[in-house]
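A, B, C and D label the chains in the order they appear, each numbered from 1.
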């Protein structure tokens, strides 16, 4: 029998992120069950300054907490990966500047940018997938037994790219949307989070709650009713939830996620974002300001814990999601968590090799999906549309083929025009040129 | 062994249609191999006048041709059905007036009407499915062994409704789009139609040519190249084909049908139709004028053949498609024709019980689909989206449930907003009130 | 939200079984977490005497334990079912006499009887399925919200019959084979049972351990090696495990269950059983003697606990399996247990509606299968063979159709001859005549 | 568009076979539609003598017929393959001596040899698959555009091995069993063969007629009834058909093939073959005598046509099957023929990549299977069992892995014992040693 490591090394790629204090706090809280001894924060040259700031804060946090965790800062990724037990990714190729373009350029053509499943996510995937492939190759060499816990968006596509095209099979894609839906449901039902269970199924940022239970008894009907009340609704700080038409939601008969607004309220979302862009700025621009303020705070040498302002940033529950996942893998806990993993037949009609977001039993051997079977007829179409888009996008990202990229963008349900797709593609390939060497 | 009938009775529901002379011409041409002896044209009270006009023309046509076919006119559907061998349907509930509303009302909200897969087709389905169910119940009683050859749009949904919810299993949905694509391909490749074979797969008005052969050798690549030439393109008289972006079509790598313009050029089609609506009128309005002119011609007692003006009407090849199908069923010909039939596993990922449009071997025992297997990744999403829409629409048509109707309309990729869907739904339920008793 | 019942009523059908003290002991042990207040033991007229004996022992057991459980004895099934929370079934139509015939008659023709998947199980199914259908109809009326926990063999077929052909959807089929495999694996690996997890998949009495973990780390390779050692092997008291050819087991590369001997060692098992039949008697005959001895013991008014001799009877872990299942359902525990349930896509290639035996998360809403995906190529054939046999058997049991029965028996891999099947069928239909009214 | 070759070269591997005159006769008969100009008969050194004899006869046949076909004899396979349009295979590694061992050795252990799906076929596959792989590699080099028409048994496994593990995708496996069933059905129904159509589905030598039509009307019921009459039954010269139990056949409700006797009458077939082996000799031994007599005849310099005695050899319709297939491919005839080809979803539950025997439309682009959908429940098990066996056998043949071989043999439904399988395997690996280099 394999020996359980009794001290863990974590490598955090994109360690200079403003989210890092969340993660550090999570490990500090769990330090007794989860023997993390080293956390390596690694970033690229452009992120050196942020890495330094957030790294110093992290050091102050562990020191104050008095836990035996070492924080290491480095720009040498291989060194960070060397013998790591878990690799978490939260990097952003091109930083928030790139995201701002992902949002602004499509809007010029009346199309939503959308950071995960829309044209914005498309470009984020083109920039990110080649980098994650490189990380996988390095993991093969430096930490072949490590688990890759990917937070970087678009998390679904990145997980699928790793599963299909790399040799790293121990990969999990993680998102805070499902945990947010659980928290929201608990709040609406006025019960503690631990009593709620949701049967999750779908794709990343396109996940449905097929049923919702409190203490094992379905409360779906009640919950859907509350969701169309004016006073209630699941909200997430980084999505403006507009409220569903009650009759629509009742017929849908499953719990949508906040990102479903993009598909079931496309027209309204376009208007909303056009307005936002001309007033307070796009989401990236808002976040950029928030980040600058956060890094101001992080620099304060008296600060030795996660500042409350971080919550506005949108990463609520990220730390919880990550730490409970790592904890369950490490301890073979066999509890149920929603993650992005290989479908393997869990959702009918989606290839076994594809990534899906689904409730899984978490074991030391990884996530084991609960069987979903057939999705409701009414949602199959959208799920398959996005999966088609995701797969063509991954192919474009890996091959750098212009035609495939144009096809991927055209079939995205937010675009729907080969002509418009071509305009967006041409302008954005130019705008992101330095991050897309495969298209040169 | 069952005895072959040596004289055939055809019942034509919606016999007063302007298309009828096409059909009559087809039976006259084939009268030697196909012993049609009686053609019963049946229509409803509102269509009495048209039935009379077109019926007299039909009589003059068979008389002139000197073939032993009897034309019968009636408003009594049961009499027409009694002992029929084939029942063809080409009726239109609510006539062209209803179609005009199907097109105009959605456009007010910036949404395409689209007579088959869009909101227009949605309302056409709501009006038509209850009627086809009634016809099926009468067929059970009056001609249980007859084949139902359905031309009425939306042909895919109607075929699926019959397959799933009636006791009539001998049903085929027929459309002239695939035969038009074959003709177009033959023209572009400059060969006779008989030398062309296309592997068709998809849904009605959403069918793809997965490969195209001349004399059994694939010419797909060449054909797709020609399709993006300025000089070439498959055109159909009732669709304005706008020309595909060459790189898009190359990556798509299958032959789209003209109706794909609605999904891959949504923005351009909306503009186009808004313009048309304000200038020459919507398609229904244009067709209405054409029809009036046609009926003027039909009244001419000297006319005893199909007038050439009928071609502009858009039903090119309808007669050919219908007569070759009936002929192959009657003679157990075992040739290959594209029709709407029970999937039975032909296209992976679509339920066995659902209707698909696919190349089939035509036998006396009905169409036997050639195996398609997996559709290309890039088109699966759209096909599944429309199938989800179709199934929810059928459910709404049969139950008259408002919420299901709203859901069906919202998930249609041309709509994409529950709010807009609700506006369209409410206005159209009112506009079509008298044809939608199930929603009262 | 539904109210949790705070006192539970259990109805035990076949309450006069020698196994009952096991079950009583289980409820006594768990009485603090599981508020069982009434246990109704119900049996048929022929079992009245045994019911009386075992019932009195049960009463002495709860009294001695000082727990607030009431034991009720009745021959009126409806009274027992009335408002029950859980219905467990452990009845045997025709008693052990019928089983003896199930074993002896096929052996005359050189064919294994085999109480579950062989001709013996076939006849047991014919006798039992009509009775379980009757129970289901009564449950609909008297305890529509109860869970049916079925132990009666053939448990897989009975579960599938209930799932497909009754209105009772809250049904779980339970078997002690998987738990026995876990115990055996724990013993072989020399670790506590709680540290072992097996990924179970297959059918009842034909279940495989696809992987075996200790503390979440696969030990399959090591375990399979040990299994072919002369000193080791998973044994169960009611199966003579003959030891696998080492090379066979290594190539099989999954953990077989004891009943796999019947299919992978058919020849040896036939010889063995022929010998047993002529010497110590068939299994039924041996068990009959054991039972008689047990009931002797049970009558002792000083006995107030489960006697150790019961273990020889073969039902080891039955009580554990049953009580932990009921406990997890009642408390929505969400732990993993292997049970027979609706496949719903968990195992690829088996219909969604069919019963499979598979690791499930147990919730208050019932078992939720973990996704299995494709079974290994080498075992698909046998699993599908038995599933074909099971489905045809269920059809024969419900219709009483002779031809279907003959087909079911012929395609059983232990039979393999329509001629021999006919001889066995004719002789056994006669022998079991009074229990097979549907075949009259 | 690709140019149609107007003169064809055929390479016949195993050209020294006694079947060759059949093939030559077929090409002579069709020489007007099918411009075969060169037939290269190629064989191995051990077959030199037979090649010479049969080759001279072939030359006399074409000369007498006065057709412009050149017959070439060679031991150099590459020369034969060079620029061939069709490659047909009818070779037998180890000659009939090997087949005799395939039959005799298993019988010693009470197990049927069975030349295709049993242990005999297993060893034939082990000997043949490496050779066919070699041929494929040579085809890639010398005739990459040729079609491989494989007659060599086990035809199903060889087709699957080529499809999965070679680069030759233009392969069809051909068998005379389905055409024999059609002929038999025509005879029983007393109609001309051209009026019969059977929906074939299954595996090679395990194919079912799911329905049978005369002039497009199902006659299945009538036919099955006739098949259980004492006077009727589909017979094939190389199978002793024993007659089915009428009730079994009625419940089966599909047309079995002669080889189904091995699975539905295993016991009787074993007895029969044991008797045959001790009396007239096994089938191989009988055939060997027939062959010797045939070669005696072939040597007669006055013989210039296929002698009638060839029919007893068992290859009835082989020539017809082969020539009509080649003809339909060459002319893109689009008619329906039963062949072994890539499943691609035609039969539900069998992998797309696997070979199945199924009715196909034959085009210049190869066979296109008609959709089968789900097989009847009652036959799924056997079909899957044999497919599992086939796939494990192919794996064993390619890897030479002893354990995999033992597993393949054990799971064969005719074996059913790991112990017996080991004995057979060990003895046969030794007996066929010189033809199984991969197992050294």
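The definition used in the following text is that a contact is a pair of C-beta atoms (placed from the backbone, for glycine too) under 8 Å apart; a residue touches a chain by one contact, two chains touch by 3 or more.
Since the structure is predicted, the reported quantities are computational estimates derived from the model, not experimental observations.
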At the largest C-alpha centroid distance from chain A we find chain D
Rounded to the nearest whole Å, what is the centre-to-centre distance of chain B and chain C, using the mean of the C-alpha atoms as each centre?
55
If you average the Cα atoms of chain B and of chain D to get two centres, how far apart are those centres in Å?
45
Multi-chain contact sites of chain A, meaning residues that touch two or more partners
none
Which chains touch which?
A-B, A-C, B-D, C-D
For chain B, which residues count as touching chain A in their complex?
110, 244-245, 247-248, 250-252, 263-268, 349, 377-389, 391-392, 401-404, 406-408, 410-411, 413, 416-422
In their complex, what parts of chain D are in touch with chain B?
1-2, 4, 189, 197, 199, 211, 213-219, 222, 332, 334-336, 344-346, 348, 352, 361, 363-365, 368-374
